[in-house]
Amino acid sequence: MHGKEEQTACLGFAQVDMDRQRRCGFPEVVYAEGKTSEAIVAIFEKQLERGIVPFATRVKPEQMDVLEKRFPQGLANRVARTFRFPPSTPPRNGKIAIITAGTSDLPISEEAKETALWMGVEVVEIQDVGVAGPHRLVENLSRLKGCSAVVVIAGMEGALPSVVGGYVDFPVVAVPTSVGYGANFGGISALLGMLNSCASNVTVVNIDAGFKGGYVAGLIAANRSRRTS
Amino acid sequence: MHGKEEQTACLGFAQVDMDRQRRCGFPEVVYAEGKTSEAIVAIFEKQLERGIVPFATRVKPEQMDVLEKRFPQGLANRVARTFRFPPSTPPRNGKIAIITAGTSDLPISEEAKETALWMGVEVVEIQDVGVAGPHRLVENLSRLKGCSAVVVIAGMEGALPSVVGGYVDFPVVAVPTSVGYGANFGGISALLGMLNSCASNVTVVNIDAGFKGGYVAGLIAANRSRRTS
Amino acid sequence: MHGKEEQTACLGFAQVDMDRQRRCGFPEVVYAEGKTSEAIVAIFEKQLERGIVPFATRVKPEQMDVLEKRFPQGLANRVARTFRFPPSTPPRNGKIAIITAGTSDLPISEEAKETALWMGVEVVEIQDVGVAGPHRLVENLSRLKGCSAVVVIAGMEGALPSVVGGYVDFPVVAVPTSVGYGANFGGISALLGMLNSCASNVTVVNIDAGFKGGYVAGLIAANRSRRTS
Amino acid sequence: MHGKEEQTACLGFAQVDMDRQRRCGFPEVVYAEGKTSEAIVAIFEKQLERGIVPFATRVKPEQMDVLEKRFPQGLANRVARTFRFPPSTPPRNGKIAIITAGTSDLPISEEAKETALWMGVEVVEIQDVGVAGPHRLVENLSRLKGCSAVVVIAGMEGALPSVVGGYVDFPVVAVPTSVGYGANFGGISALLGMLNSCASNVTVVNIDAGFKGGYVAGLIAANRSRRTS
Amino acid sequence: MHGKEEQTACLGFAQVDMDRQRRCGFPEVVYAEGKTSEAIVAIFEKQLERGIVPFATRVKPEQMDVLEKRFPQGLANRVARTFRFPPSTPPRNGKIAIITAGTSDLPISEEAKETALWMGVEVVEIQDVGVAGPHRLVENLSRLKGCSAVVVIAGMEGALPSVVGGYVDFPVVAVPTSVGYGANFGGISALLGMLNSCASNVTVVNIDAGFKGGYVAGLIAANRSRRTS
Amino acid sequence: MHGKEEQTACLGFAQVDMDRQRRCGFPEVVYAEGKTSEAIVAIFEKQLERGIVPFATRVKPEQMDVLEKRFPQGLANRVARTFRFPPSTPPRNGKIAIITAGTSDLPISEEAKETALWMGVEVVEIQDVGVAGPHRLVENLSRLKGCSAVVVIAGMEGALPSVVGGYVDFPVVAVPTSVGYGANFGGISALLGMLNSCASNVTVVNIDAGFKGGYVAGLIAANRSRRTS
Amino acid sequence: MHGKEEQTACLGFAQVDMDRQRRCGFPEVVYAEGKTSEAIVAIFEKQLERGIVPFATRVKPEQMDVLEKRFPQGLANRVARTFRFPPSTPPRNGKIAIITAGTSDLPISEEAKETALWMGVEVVEIQDVGVAGPHRLVENLSRLKGCSAVVVIAGMEGALPSVVGGYVDFPVVAVPTSVGYGANFGGISALLGMLNSCASNVTVVNIDAGFKGGYVAGLIAANRSRRTS
Amino acid sequence: MHGKEEQTACLGFAQVDMDRQRRCGFPEVVYAEGKTSEAIVAIFEKQLERGIVPFATRVKPEQMDVLEKRFPQGLANRVARTFRFPPSTPPRNGKIAIITAGTSDLPISEEAKETALWMGVEVVEIQDVGVAGPHRLVENLSRLKGCSAVVVIAGMEGALPSVVGGYVDFPVVAVPTSVGYGANFGGISALLGMLNSCASNVTVVNIDAGFKGGYVAGLIAANRSRRTS
């Protein structure tokens, strides 16, 4: 029985969607930007109370300090700017790969990885294989075996997803990053490059949206995995 | 044994990627824009010769006339601007839904549908359920059961994918359309709306890219389906 | 008798429009940005002298300190960045609602609320009901009863005004916010979403323009209320 | 008793929102662009059957020919590109004004007027009073008496709403037009001018959105009028 | 006799155009941004040595300190960010007016004024007469008598030049400012408004370009004045 | 004695500003775009009746046919798209120059020339002296003698005004044109180039605004000339 | 002896730069857009008279008809839209390659080829090797041997230059094309992709600028070749 | 014999392309932005070990401190933000020129110079010869003799490359800079100006891309020089 009061937890400042997991497969994720540390703690407590495993993104250093103190069992990743709780079981929701074009894309790649791990999805990481050194990607292709989706993260011209797309038979979730300078316009160059990819299996999320990249890829893997169990 | 000459069919004006199906799961699709009718016919013949099922998008009326005459067994969809060959078997590569916000999104929705059907994927269609009449979507939600992905097609403010995303536990492939006027800027408003969707499961393709929307959703369904067989 | 000197108060650095209330229904509001604290004090004193109730927006913390000290009877709202004077009577200029999509929209929503209260308009607040958790808005619809207009505040894809517009029979004043990241481009995504809203009753103000949102909605309510008294 | 089938009229190609009038005050308006003439006729017939007074905007000449033939009692305005049905009673839903900056804004102004008349709202028209001839507006100000809102339509720099806003005590619904050339960028100059208006009572709709301008102004007038009856 | 070496003063880091006054009527002005204080001092000394009256714009506070110390006879205006040398004679190069829309436009207006004074042009200042308080401009129109050009400075919608243009028979040099927020996009709204002005006598310079506004207006006045002497 | 009815000629569809010449020095110019031929004829007749010399810009071929027939004494320039009436006296309002970068800028240059001639201003024309052939401009510099302003018309990179500005001691009115392709974006490249000109005496009008370029330059010349007479 | 009159051929409507070849290595090329056929003929005749080999780009079909008739010895390429004169000697100015991503880039590629051939440069053509079929480029790499520069032409995401850049030790002149749809924005996506290329040897020209791509690459080859002879 | 492990040096955080020099003529350059100082040191050590001469760009002051300490034989240029190792031989890879429009372009010009020197290319520097002082460039033209390419660096309107292009018979590599204010939009004005240059020999790199400008020009010179040796 689902009463109305169970769907939404009214915390005054926020209305937490407690029903998200049932509808969407995974619980509501806390976007920390613009929230006080106290607000995040309150939401986490409400979620834990209902047996929901919390996950927060875009956590600022000072928020991270509060969360680490309050929830010592949690896992803080300061490069990814995420805070999550350790899974109770090893990953069993399938496998994805995360590929970056350059070393500067690391924070976005870490955010995608933390998201997938929170979802119980296994992650293969391939770093720094941008298109100007073409052999680097080819050397790593065999590692993509068994994946259900790949997150490809790139700034500048954002060409890597198209190249990866030409080698795989599953979706490429392309994440443009704001890495670069000048006419990259904070990531627009990579975003447009990816939206106009000539590879049929490339789909795109927002600039620097490591979370969403990891989430969509993770969802594809998790659904495919569940179906078979 | 894979000789180099088998991977690429050099037709002088074009180098057809005959190896695409092995690498990417489905054969190369012919983008008709900027090609002569003769070129399309030549590619189709080369593909048929190798046992590849052809599919062309963005086919102009005059190209369509030539194709229909030359390949009477083919299926022309003049609203979708596609030409494909009838599948030898009923759809068995899973199921997706295609949802449109308004009646003007039909050509894009038809292109997505034809793509999925060519891939052997079953399609559920839900038309004209834009956000200003909120009950229309809710009335149709039950039809999404059993789908592995949903293509949501909308112009103007492009809000529908976010709303759909809040109801489903699989990926939403959002296709912005150029439908609208004034500050829709040929689809930019819908594109930006979708890229900034607050729903975690929304991913985006190019403006008016019905083909890519259908392809990515179809690929998710096909992979999930194959895994289970 | 209206002499020319009464219409404008020349303070050297500024020409205060003392006649605004007669022409436009409410007095000139002080936009604090780019003014010295002394200038704001001088304008307030000139207004109080003429029986005008002052109101300032975009007040910086250091300006706020000066105003609080000089006018202890005033009401400072540091989240809204506004400073106003307590009304002499309870609200009797009708009622509006203010709805936000997320918790980060709070500063803009507070600015809108302070504006309406300064105008003598009653305010119903509904927070954090963004479109990805669709039941949250529906649960609150009954609270809109008796309103003459609603201010809907949202960042990211800015979809909420369209959804609200489909439920109400009065104008929706949509305020896009700069909340979000990447391709939200400082609020452009929400702005374009709202301008292209498929709901007929949605009208738009500038990005982060909580003041103008509250003012226009308040004006509609006040006029409707006055007409009936 | 409201059964589900009464809310939506499923016509196959479209789902007409038959419940719009109850929720929003006025029935769904048909946006003719991208619809066949037959589709518009079918929707009109369904609406008339249920006692709804139809109204269509952005009607193309060839669609207009069909509508005029099929519904001889209807009113076609080929400048406004609208088709509506004669009201059964004289206007009693209040009064608005429609002001244009130049003669080229006429089609948008006509669309706004037809919308208001369909809503039963009285319209005062003031044409060609752009800001470079400042006395022209002042000469007409007295005609605004008794209005509840004013639609101000302008292209080029879109300055007129700010100037009008400084003279009236009710909302200004500003409609930017694509009139102009060069750096007007199809109406962006006027749109930005209006969004950044220094007048507090100016709110904005989409470029060339005469319908929405007329609708929002008409809704303000109708609500104010109803309240008093 | 004009030798090549006299036209350019090579200072290693810069090539100062010593011939500018002969060709263009006034000497080269030093744009301080990106120059060291020492560089500015060196250029000033070279100019003074040749009898040229120096003028620098966009001077940073720390540069200003150095200049004031080194050239005690100079005039520093820290609001305008300019440094110039006192003219040897009273203004005799004609008269211009400088009008601002709001109090926040002051730094740009001061830069324009300093430029004109350096050119020996008399300046009439009219502050804070933006279009939303229409009587404020009209009250000041008589002060424009005898001017040869007017610099009109405005941010936000940038409507003031059009209005002024409708009242005067000489050129309006419009200076858009970055004053405003949201969709003003750092001055683009005002820039586009001014470029699209419906008044025939409005011409435009760069955003926040107080110097260029003052220079062009001053040049018009100086030329007209010289012709008559 | 100036009665109100004399300032504006109400023609129903338009309110002609009959007082413009007194306030602004020259009469209102008819912008033909979006007007019927009959409307233009009516305005011209009203102007001629009051002794005003008419001038129309952006006249379409079919409008031109009507005007030529109705006013055989008029001068049609189909390249400039202008129609004006022969001046009663030879030019005595000073002299300007009009310089173009390339042969494709001719229509804009002709519009500027017709405007100046209508104002009674003498015109020196220098065609096709773009910056890639630097000697071409230098060869023509002596022809600028005696001018009070120069209109410089250029598309593509719009560099010519900066170069001209370095040679003259009067204002350069820069007119960007939409000539070019690709990243010229319909004239934006030239517009931005001119707005950012490093020459102090360069001021800018709208893209393709030959009329405004000629008008502002003509006004400078006319005023300077009148002052001296 | 070089007299001033020899540098420029004044044809009234145009000033042909007869001295270009001496200064820049190759004669002035005629940009046909916006010129009458007669004008092109006149320029060609003047050039031939002085022993200059003419070359025209962006020639429209009707202009081409005139040129073919008047100069039967000329070579018209209607895909490239160019008209040139046969070289008197075989190519001896070095070698370049021209690579396209897709078959739709052909018109631009032809324009680049005609330019290089006119310059006496040998051309290697590699068509349709876009990044989604990665083996196609690798199969053709050996053909680049002996080239001094490569023109890489691509629309959509414009990724090909980066990939080619990773394989070669000479400059890549990248030409973005307007091929694509939706968010390619007429070539902006490819342009930005190329400007932000992570390959160090990639330089960029305007959208669809086949001429300039061929010219710069040809100039590099010609200079390298000349140096060695 | 080239084993796979020799092409890429896997450092965990990065995959250094050790084969770049063989394929592209010069080794991989380290882009310091977003890398830790330790990472740069590790890459440098790996490169030195293999006999590769390291070069890093966009080095931050704190990174520079570490590099100078660790590699005392290295050359730090803090204006250019580069760190390189002294060449073992004098420049013998040809000659290029680097020209700037203004003194503020110096950091970009220094980056280009350091790049060329690292490549063993001789550099001629010409500073501060922007188009508004036209004689300054002409005075320096003779210094371009013997160059194979020229890097032209300019902000604001970016007109200088076009002017230089008209004087030389080798490629102009144009580098737009973000120098300027207002409508320069962080370098867009200069970028567009250069892309639309009317000079045939102008090619463009990214905004502020001094490295790429120097690299491409240096490559042209080096190749031309090598060919002849």
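We just call them A, B, C, D, E, F, G and H in the order they show up, numbering each chain from 1.
Just so it is clear, a residue touches a chain if its C-beta (ideal position, glycine included) is under 8 Å from a C-beta of that chain, and two chains touch if they have at least 3 such contacts.
Source: prediction; values computed, not measured.
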Given that chain F is a copy of chain G, what angle of rotation, in degrees and a multiple of 5, matches their CA positions? 90
Cα-centroid distance, chain C relative to chain E, in whole angstrom: 37
Provide the C-alpha centroid distance between chain A and chain F, rounded to the nearest whole angstrom. 58
How many angstrom lie between the CA centroids of chain A and chain G, rounded to a whole number? 45
Using mean C-alpha positions as chain centres, tell me how far chain C is from chain D in Å, no decimals. 26
Sites on chain H at which at least two other chains make contact: 102, 132-133, 165-167, 182-184, 188, 191, 195-196, 200, 206-207
Chains touch one another in the pairs A-B, A-C, A-G, A-H, B-C, B-D, B-G, C-D, C-E, D-E, D-F, E-F, E-H, F-G, F-H, G-H
Help me check something: in the complex, which residues belonging to chain C touch chain B? 101-102, 130-134, 155-159, 162-163, 165-167, 180, 182-185, 188-190, 192-200
Could you please specify the touching residues of chain G with respect to chain B in the complex? 102-104, 106, 127-129, 132-133, 135-136, 139, 179, 181-184
Taking the touch rule as given, give the residues of chain H at its contact with chain A in the complex, in rising order. 4, 7-8, 13-15, 17, 19-20, 28, 31, 33-35, 39, 58, 176, 178, 187-188, 191, 206-209
Over in the complex, which chain D residues touch chain C? Could you list them? 23-26, 29, 148, 165-171, 173, 191, 195-196, 200-207, 211-212, 215-216, 219-220, 223-224, 227-228
